Structure formats: C-alpha cells, structure tokens
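Got some structures for you, see below.
Next, two complexes with chain A in common: one pairs it with chain B, the other with chain C.
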Partner chain A sequence: MPDQLLYAMEVTLNGLMAGVMYALVALGFVLIYKASGIFNYAQGVLALFAALTLVGIQQGQVPFAHLINAVTGLHVSSFGFTVPSILAILLTLGVMVLLAIVIEKLVLKHLVNQAPIILFMATIGMAYFLEGFGDVMWGADIKTLDVGLPQGISETVESMTDSIFGYGFFIDNLDIVATLVAVALVAALTLFSQYSKQGRALRAVADDHQAALSVGISLRFIWILVWSIAGFVALVAGIMWGSKSGVQFSLSLIALKALPVLMLGGFTSIPGAIVGGLIIGVGEKLFEFFAGPLIGGATENWFAYVLALLFLVFRPQGLFGEKIIERV
Partner chain B sequence: MFYREAGDFKTSYREDSQTFPIKFDRLRFYAVLAVAYGVIPLLINDYWASAVFVPFLIYSIAAIGLNILVGYAGQVSLGTGGFMAVGAYACYKLMTAFPEVSIFIHVLIAGGITAAVGVLFGLPSLRIKGFYLAVATLAAQFFLVWLFNKVPWFYNYSASGQINAPERSIFGVIVTGAQTSAMAKYMFCLIMLTIVAVIARNLTRGTVGRKWMAIRDMDIAAEIIGVNPLTTKITAFAVSSFFIGIAGALFFSVYLGAAEVGEAFGIQKSFLILFMVIIGGLGSIFGSFAGAAFLVLLPVLLKNLLVGTLGWPTDLAAHIELMIVGALIVIFLIAEPHGLAQLWRVAKEKLRLWPFPH
Partner chain C sequence: MNAMTEGYMTADGRKIGGVLMELKNITLRFGGVVAIKDISFDIRDGEIRAIIGPNGAGKSSMLNVISGFYTPTEGSVWFKGYQRGPMRPYQVAQLGIARTFQNIALFDGMSVLDNIMTGRLTLMKSGLLSQALWWGGAAKEEDEHREKVEKIIDFLEIQNIRKTPVGRLPYGLKKRVELARALAAEPKMLLLDEPMAGMNVEEKEDMCRFILDLNDEFGTTIVLIEHDMGVVMDLSDRVVVMDYGKKIGDGPPDEVRNNQDVIDAYLGVSHD
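Moving on to the complex of A and B:
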C-alpha cells in the first residue's frame, strides 16, 4: 500500500480518537440543553474545575492557599498527605454535585422563564466566575494529572498494524482508554435514562416542562440531577483531557471544540454528539493532513466551525436534531 | 417634576418626530454633548484617556454595532472580535498603502470592508437560527483570526507578525502613533462615536429599524406582512459590521497602536462586547453606552481597589476580578434581565411623577 494512504489511515484513526474526546465534552452540553433548554457555555470550565479539584485533592493542597497567604501573611500550601485516586475522584464527584446544587439555588432558580439568550449569558458569567474561583482555590500553575491511566504509544496497535501493513500506527494508549470510557459512559447514560425512574422523569422534562410539572415531577430536582450528571461528564472529560495535556486554563477552551460538534449533531441528540464528534475529529485531522501544509497549518482552530456552518446551511437542525417546526 | 411632557406643545410634524421629543431630554442631551466636547478635552490626561475614556468611546461604537444585530434584529453573533480584526487590518493596509489619504477616510473604508465581510458571514442567517447561528458566527471569529495570523500580506510581512500604526494626522493634528496627545485621541474617537450614534439612532427609529424589530420579534410573521427577510437580515449584518469595523480600526490605530490579532481580537473580545450589550440593555442605544461604561470602569475600579488599596499580588487580584465580573454578570441578569437601559427607563418614569406617588 502507498505510504500516503497508510498515513491517511493513521490520521483518520487518530481523528476518530480525538472525536471521541470532543464528544465527551459535547455530551454534557446535550444533557443540559435537553433537560432545561439552557445552552451551557460553562461546560468546558466545569471540566477544568473538576480536573483542578481532582488534582488538588489528590495532592492534598490547601484550598485558597494563595488567598490565605495574601490576607494573613502565612505560607501554607499543602496538608502534607496525598489521597488515593479513587477516593479523590469520589470526593471530586461530591464537589461537583454540591456545585450543581449551588448553581440551581443561586442562579437557575431565579432565571426561570427568561429568554434563552439571557440564560446563555448567565452561563458565560458562571464560566468566568468558576474560572476565577478554580484559580483562586487551587492556584493557576500548570498541574499534571495522573490517576493511573495508561499513557504513551500503544505497542499492541503498533505491532499489529506493523505485521499487517508493514507500518506501525502511532496511537496513544490514553485515546484508546478514552474511547472505551466514552462508550461505557454513553451506555450508562442510555440505561439510566431508559430504565430508571429519574431517567424517565428526565426524559419527560426534556419533552415538555409543563406537562412534566403537572404529573408531579419536581423540575428543580431534575435540574439539580442533570447538572450533577453534567458535572460527572465534565469530570470524566477533565480526567481524560487533563491526563493528556495537563491541567491548565486552556482546558476550559475544549468547550469551544465541542460547539461545532453540537451544531453538526444537533443540540438535542446524544447519538448526534457522538457521531458529530467523530465527523469533526476525522474531518479536521484529515483536512490538516492534506490541506494544512498548503495553506499554512493550524487549520484545526476553524475547520470544524466552517464545516459545521456549511453543513447547517443544508440542514439547519443538525444531523439528529429535532425538526424545527415554525408556526406563527 | 424633573421630567415631563406636559406643556411641551408641538406645532409642526418636524418637531413632533424629532429624536428627543421631550424638552428636558433634549436639554440633557445637549448638556452631555457640551461636557463631552467642551469640558473633558480640557481636563483629560494620558492615564484617563488610555484607561477610561478612549476604550469607553471605542467599545461604545462596537456595542452600538452589536446591539443593532443582536438587540434590534435578533441575530445573536459571537463573531465581533473577528469583525473588529477585519476593521483593524483593513485600516492598517489602507494606512500603509495610501499614506497621503486622511485617516478619517481610511477608518470609514475599513468599516465598509468589514460590512462586506459581515454580509458574507451573515448569509447563513437566512437558514440558521437561534443558537445554531450564534455558534455558526464563531466560524467567522476563528477563521478570520487564523487568516490574519497566517497570511503575511495582511501584516506587511513584518517579522513579529504584529501590525503597528504609523503616524497620521487630521488637519495637522496627530491622531495615531506614539506622539499622539491624549486630547487628540479622545476627540477623534468622540467625533466617530457621535457620527455612529446619530446614524444608529435614526436608523433604528425609521423604516429600517422597524423592519429589523419585526424580524426579531417573529421572522415568519414579519415575512407574511411584507418584510423581506433577505434584505432586512443582510442590512442588519452590514450596518452592524460597518460600526464594528470602525470600532476595530480605531481600537488598533488610536488605542493600541500595535496589535497582535489573537490577543487583541480573540474570542474574549466577542464575549466582552456581547456582555456590554446585554448588561446595557438589548435594543437600546443608551444601553450600549451604559454597558460599555460599566464594563470599562469595573475592571479599573477593581484593580485599583485590590492591588492599589489592599496590596494583593496582581495574579490573585486578576483571578478575583474574574470572579467578581462573572458574579456581577449573573447577579445583573437575575436582578434586571433587560439591562441598565431598563433601570434608566424606570428611573425616568419615577422622576416624571415625583414627588407624587401616582
């Protein structure tokens, strides 16, 4: 087989893996949008916050150390013990649930029935706040996150492809793990929403708020639930992205990577988030591979958006979005 | 008491349809103009110009532009930073290519070029609506910033990839470059802002503005009563981008002097201007000013308080500032979702009756 084709195949595979990572973030968006009609810009920052909290707990950092030092003149930085990964993840999950409750009580409760743009702006405000809060709480330096996930090149894939094509593919172990985790996550979410009582209530709310209210479903509980789940998805995404590229401010920008995925897949569809993620992942990697060298590279920043834009012109509700019916 | 229409009789159609029909309003407007043109230029110094007034004036232009698109025509856009970059780079190319032409003309042409780019990216709005459109405009943001980064022609092949404003003057007064006086910067921006605000105010209360609002309130119904959605949406994008382009050109040439596209015109800028529009009040020219003033002053005040008074380290202060800005935005949206303009309207209504309760 010609080298170019092999490289393209490798790029495609890597694109699929990257697409899974995008889909992980997009999932959180879809969940919240479906259940509350809120376009949650803060999802990326939630992932950053989750990852920061996880690292902080793992390494036994003193929260707000920087602030305490500035106000009192002390020099505290850590408690001097480390917490095992599993326990730290569980504690972080608790923090995310707490955060969901606080968001519902302090923000969402007061914004019921506002225009979608107002809610969207409120989530941007929350994103600013959480970003500052995460930095004040845990410090703004770049941290490495290690929860024991395998890292580096997958040798099995390399030797396997080497024996078939005579060229070893270069694939990160972490990406393979991320794919497996994403599959498990989607399966769990599907099972939860199809077969549990809360899941059914969730779908009822997504279908029709007022009808759900009238049969006795507590909207506020559902909102807390859905933000907690979004927090959990953010934590998973934070662990994956954090292990891959370190925990730092740029982690919150993955929200921007997830937006075109959402547009392509439709804001209201979980399978759409996955398929959209894969299309975007493969598309931008292949475009960068073929056209990048010709037009100066770094096309990954905008290609996804332009692709989604062109796609939407032909199908305004995305691939799997609900058909937009307009009445006067 | 202070503010009422009683006794203010109109004897001609011209008087009846003037911009400020109530006499008190009109007097207040002239008073503001008098202070802006007569008092502030005499008192201004470099710190006040670069920290408060010039950014306020430029952001006001951008906020008016975005308000036309989001507040009047209902098309949410997150591409403002990218369009400002178009204005800035167009202005830079024109300034360096035709040094003998007045910069005033350059800024206007830069606005025109931005309008053309805005129309191009506005075309999908005919098919895409709501949040899908908001996200689609991010395509403009990222693509334009990338373009200005990667194509050396735009920054005249300079080694640093930056663009630097050469020295230019109007009627012998230097308005760009390092030698510019605070007063010249201020006056140049103020004159541009006055022109933009007058145009915007009159557009929004005429036929064009009513068409925009009809499309905003319900586009299908508007189409049925005879508003052409194509021309209406496109004019909204064109006018909005024209103003935003002017703001971008001024931001680069007068305020920054030297700019790197990702830093000066990144996505943060888009959000900042959208915040100004929302906090100020959607669909209100006054709101654009109020929002710009609020978000220009707030960081200056916070920085002075945290770093200057309390003496905290700057990085900590920056994070706390981020928290406070975010929290204030949320609080604002909860307390008054219609923005500062609505507060102003309520205050006026109260003043009209004062000191009587009803």
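Moving on to the complex of A and C:
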C-alpha cells in the first residue's frame, strides 16, 4: 500500500477518535435541548466543574480553602487523604445530581413558559457563575487528572498494524478508551430512554409538555432527571478531556467545538451528535492532512466552523434534526 | 343518607351512584375577564355528564379547572368527599382523573403503543434505579402493563396501527389513540374535550360506541364537552348548559332541551 494512503488511514482513525470526544460534549447539549428546548450554554462549564470536583475529591482538597483561609486566617488546603478513583467518581456524580436539583430550584422553576432566548440567557449566566464557583471551590490552578486510564501510544495497535501493513499506526490509548466509553454511554442512554418508565416519561416531555402533564408526569422531576443525566455526561466528558489535557479553564471551551457538531448532526438527535462528532473529527484531521500544507496549515482551528456554516446554508436542520415545517 | 349521596336509575336501566365530584361556586378570572361565574354542579359515580354551550361559554375552562390545568379564583372542588387543595395537573392525573384535549395533545414522535404506555406511568411502581438497571421487578412490571395496554388496544380496535408513529396517523385515529392513552391510566373519571370534533358520521358513531362501552364495562365516570347536539342528547345522562361563563341549565337531556334559557342561548332572542 502506498505510504500516503496509510498515513491518511492513520489520520482518519485519529480523527474518528477525536470526533468521539467532540460527540461526548455534544451529547450533553442534545439531551437537555430535546427534553426542554433549552440550549444549555453551560454544558462546557458543567464538564469543567465536574472534572474540578473529581480532582478535588480525589486529592482530598478542602473545598473553598482560599475563602476559609482568607476569612479565618487558617492555612488549610488538604484533608491529607486521597480518595480512590471509583469512589471519587461516584461522589462527583452525587455532586452533579445535587447541582441539577439546585439549578431546577433556583433557576428553571422560575422561568417556566418563558421564551427560549430567556432560558438561553439564564444558562449563560449559569455558565459564568459556575466557572467562578468552581474556581472559588477548588482553586484556579491547572490540575492533572488521573483516574487510572491508560496513557500514551497503544503498542498493541502499533504492532498489529505494523505486521499487517508494514507500518505501525500511532493511536492514543486514551482515545481508544474514550471511544469504548462513548459507545457504552450512548447504548445505555438509548436503552434507558426506550425501555424504562422514566425514559418514556422523558420522551413524552420532550414531545409535548401539556400532554405529559395530563398523563401524570411531573415536569420538575423530569427536568431534574435530565440535568442530572447531562451532568453525568459532562462528568464523562470532563474525565476524558481532563485526562487528555489537564483540568483547567480552557476545558470549558470544548463546548465551542460541540457547536459545529450540533449544527451538523441536528440539535435533537443523539445519533446525530455522534455522527456529527465523527464527521467533524475526521473532516478536520483529513483536511489538515491534505490541504494544510498547501495553505499554510492551522486549518483545524476553523475547519469545523466553516463546515457548520455550509450546513447552515444547505441543510439548516442538520443531518438528523427534525425538519422545520410550518403550516400555513 | 340524604338525597345527594343516593344514586338514581337511568332510562336505559343503568344504576348511577353517589356524588363523585362536586364543584362549589367556581369562579375563574383571567385579569378582568371572567371565564366562569359562580358555577356549581356535581358529577355522580358512573354517570355520563355533558357540558354544552355556545362558543366561548367557558366549557373548556371548566374542564381545565377539573383537571387542574387552571386553579379556580374562587370556589372549591370536592372529589370523593374531600376538598381538593390547589393541585398541579400531574397530581390530579395521579388521583385517577384522565383527560383528552380539544386539539389533540399526543406525543407525535412516539409509536401508538408508547403513547398509550405513557398513560400507565402513574400506575408503575418500580423506582428510578430499578428501572435504570432493569433489575428487581422492572421487567415483569413492564410486561404486566403491556398486557393491560393490549386490552385497551383491542377494545378500541387499533391493533393494526400499534407500531405506527402517531404523527403519521389521520385525525380520527389520533383522537382514538388519545382516548386509549387516557383509558390506560384506568381512570375513575374521564374528561373528554370535544371527542368528536371534526369527525365524519362514521367516526362519530364509532366514538359514541366506545364511550358507551367503556362507561358500561369499566364503570368509568365520563365528563364530556361536545357541540353535536344529537350526540350529547343520545349519550349523556345529565347535561350542564353554560353561556357567557354562567350556568343556565342543568338536568337530563329532555329537560334541558325544553329549557327556555337554553333555547334562547342557542337560537338567540329577538329584541323587539
């Protein structure tokens, strides 16, 4: 096989893996948008907050240490113990559920029946608040997250492809894990929404609020449930991205990468989020590989957005989104 | 026992029980608009009770008060002998009061079967964790509820569209699916907001048959709003007539038909 083709294959594989990471973030958006029609600007910050909390719990940090020190003159920073990864993840999940309840009680409850733009503005507010709150709670320094996921280049893949093609592919172990986790997550979410009573209630609310009320579904419970699930997805995305590039403020900006994914896949489709993520991931890697050298590189920064723009012109509802039909 | 709690026999020999719901001096205002003005009436166990009146008379508002979508400005709602506090619609549904809507409110993206299954949500007992992990009674419970739903599907003769997404169904069938979803909750009381609006004669006849059958077979109390006078007179045991938010008549169909106020409201009065 010619070298060029092999490189392209490797790049495609890497693109697929990167796409999965984008899809993980986009998934959180889709869940909330489907159930409540809210575009949740805070989804990226939720991922950041989840990752910060996870690291904090794992390392036994005292929450609000700076605040406590400043007010009381003490010098506390750590409880002096570490928490096992699994336990820390479960505790963080608990915190995310708690956060969902607080968001419902303090924000959503008071904005029932408001226009989508109002709710969108509220999520922008939430994003800034949470960002600051995360800093105050756990400190603003860059943290490394290690929950025991394998790091580095996968030697198995390298030696396997080497024996087949005579050229070893460089694939990140973490990316492989992320892919497996994403597949499991999507499968679990699909099963839950299709076959459980709460999943059915969730789909019902997504479809028609009034009808959902008439069959005895509490909208508030469903909103708490949806935001908890979105918090859970944010936690998974936070773990993957945090393990990859450290836990820091820029983690919340991955939400921006989810935007083109959503425009491609459609805001209302879970498979859409996955396929959209993969297309963006592969697209930007391949474009960089083929066209990058011709136009001076650094195409990965803008390719996704240009692609999204094209989609907006020719297929505004995305690949899988519900077609907007207006009755006249 | 006083007269209020005793039942009566209908002309076709069905026995109607005591008072199931009583509405006392209900007034409903939206800002300066008075939608319902001091209306009282009762609904008896096993009865088919119709609410009629010209457009804008406040019939749908009345139904919304009963189903908890509106909270009355004044007055009280008594159900099974207890006064009902201010309630959210989902809590009313959990009491065993199901409803359909004037402009069909179904879950368009879901199949007929799934739509009807949502009607049983209030009856499902297993918790979130058990459902999420499909563990404990969850699977067994799902089967039992599925069985009940199949019975309703048979009853309403919609077997062949079981798996069809509701959004693709014609209007008449959607109405029937909505009725099926309401029935799935095994309600004590069923509220039907214009169940026959926009239907052709054949569809209306089917719907009438279903309403009579389900009242007969399950003993469900039915409150319905309907414009087709023929249907109302045939179906109902007692009729409340509303006009401009006020009650102008209440009684068996024959009595109401001959009420001068009712005739005036429907045909108009000459002002000479």
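One rule holds for everything that comes next: the second predicted complex is superposed on the first by the 325 of 328 C-alpha atoms of A that agree within 3 Å, B and C clash if a C-alpha of one lies under 4 Å from a C-alpha of the other, contacts with A are read in each partner's own complex, and residues count from 1 in each chain.
Heads up, the rule we're going with is that a contact is a pair of C-beta atoms (placed from the backbone, for glycine too) under 8 Å apart; a residue touches a chain by one contact, two chains touch by 3 or more.
Keep in mind that what you see is a predicted model, and the values were worked out from it rather than measured.
**Q** Put the two structures on top of each other at chain A: do chain B and chain C fit, or clash?
**A** By the criteria stated at the top, chain C and chain B fit after superposition, with no clash.
**Q** Can A:Ala308 be said to touch chain B (first), chain C (second), both, or neither?
**A** first
**Q** Touch check for A:Ser85: first (chain B), second (chain C), both, or neither?
**A** Neither partner.
**Q** Using the superposed model, determine the angle chain B, chain A, chain C defined by their C-alpha centres, to the nearest 10 degrees.
**A** Result: 90 degrees, to the nearest ten.
**Q** After lining up the shared chain so the two structures overlap, which partner does A:Ser245 touch, if you call chain B first and chain C second: first, second, both or neither?
**A** After superposition on chain A, A:Ser245 lies in contact with neither partner.
**Q** Could you look at A:Ile217 and tell me whether it touches chain B, chain C, both or neither (first, second, both, neither)?
**A** A:Ile217 contacts chain C only, not chain B.
**Q** Considering only the touch criterion stated at the top, classify A:Gln59 as touching first (chain B), second (chain C), both, or neither.
**A** Neither chain B nor chain C is touched by A:Gln59.
**Q** Check whether chain B or chain C contacts more residues of chain A in the superposed model.
**A** More residues of chain A are touched by B.
**Q** Can A:Gly125 be said to touch chain B (first), chain C (second), both, or neither?
**A** first
**Q** Minimum C-alpha distance between chain B and chain C after superposition, to be given in whole Å.
**A** 16 Å.
**Q** What residues on chain A does chain C touch that chain B touches too?
**A** Chain A residues touching both partners: none found.
**Q** Can you check the complex and tell me which residues of chain A touch chain C?
**A** For chain A paired with chain C, touching residues are 191-192, 195-201, 203-204, 206-208, 210-219, 225.
**Q** Using the touch definition from the top, list the residues of chain C that touch chain A in their complex.
**A** Counting only chain C, the residues touching chain A are 67, 69, 88-91, 93-94, 98-99, 101, 105-110, 114, 117-119, 121-122, 124, 126, 128, 131-132, 134, 138, 142, 181-182, 185.
**Q** Please give the residue numbers of chain B that touch chain A in the complex, ascending.
**A** Per the touch definition, chain B meets chain A at residues 70, 76, 124, 127-132, 134-136, 138-139, 142-143, 145-146, 149-151, 218, 220-221, 224, 267, 271, 274-275, 278, 282, 312-313, 315-316, 319-330, 333-334, 337.
**Q** Taking the touch rule as given, give the residues of chain A at its contact with chain B in the complex, in rising order.
**A** Going by the criterion above, the answer is residues 39, 66-67, 70, 106-107, 110-111, 114-118, 120-122, 124-133, 135-136, 140, 256, 259-260, 262-263, 267, 295-299, 301-302, 305-306, 308-309, 312-313, 316-318, 324, 326-328.
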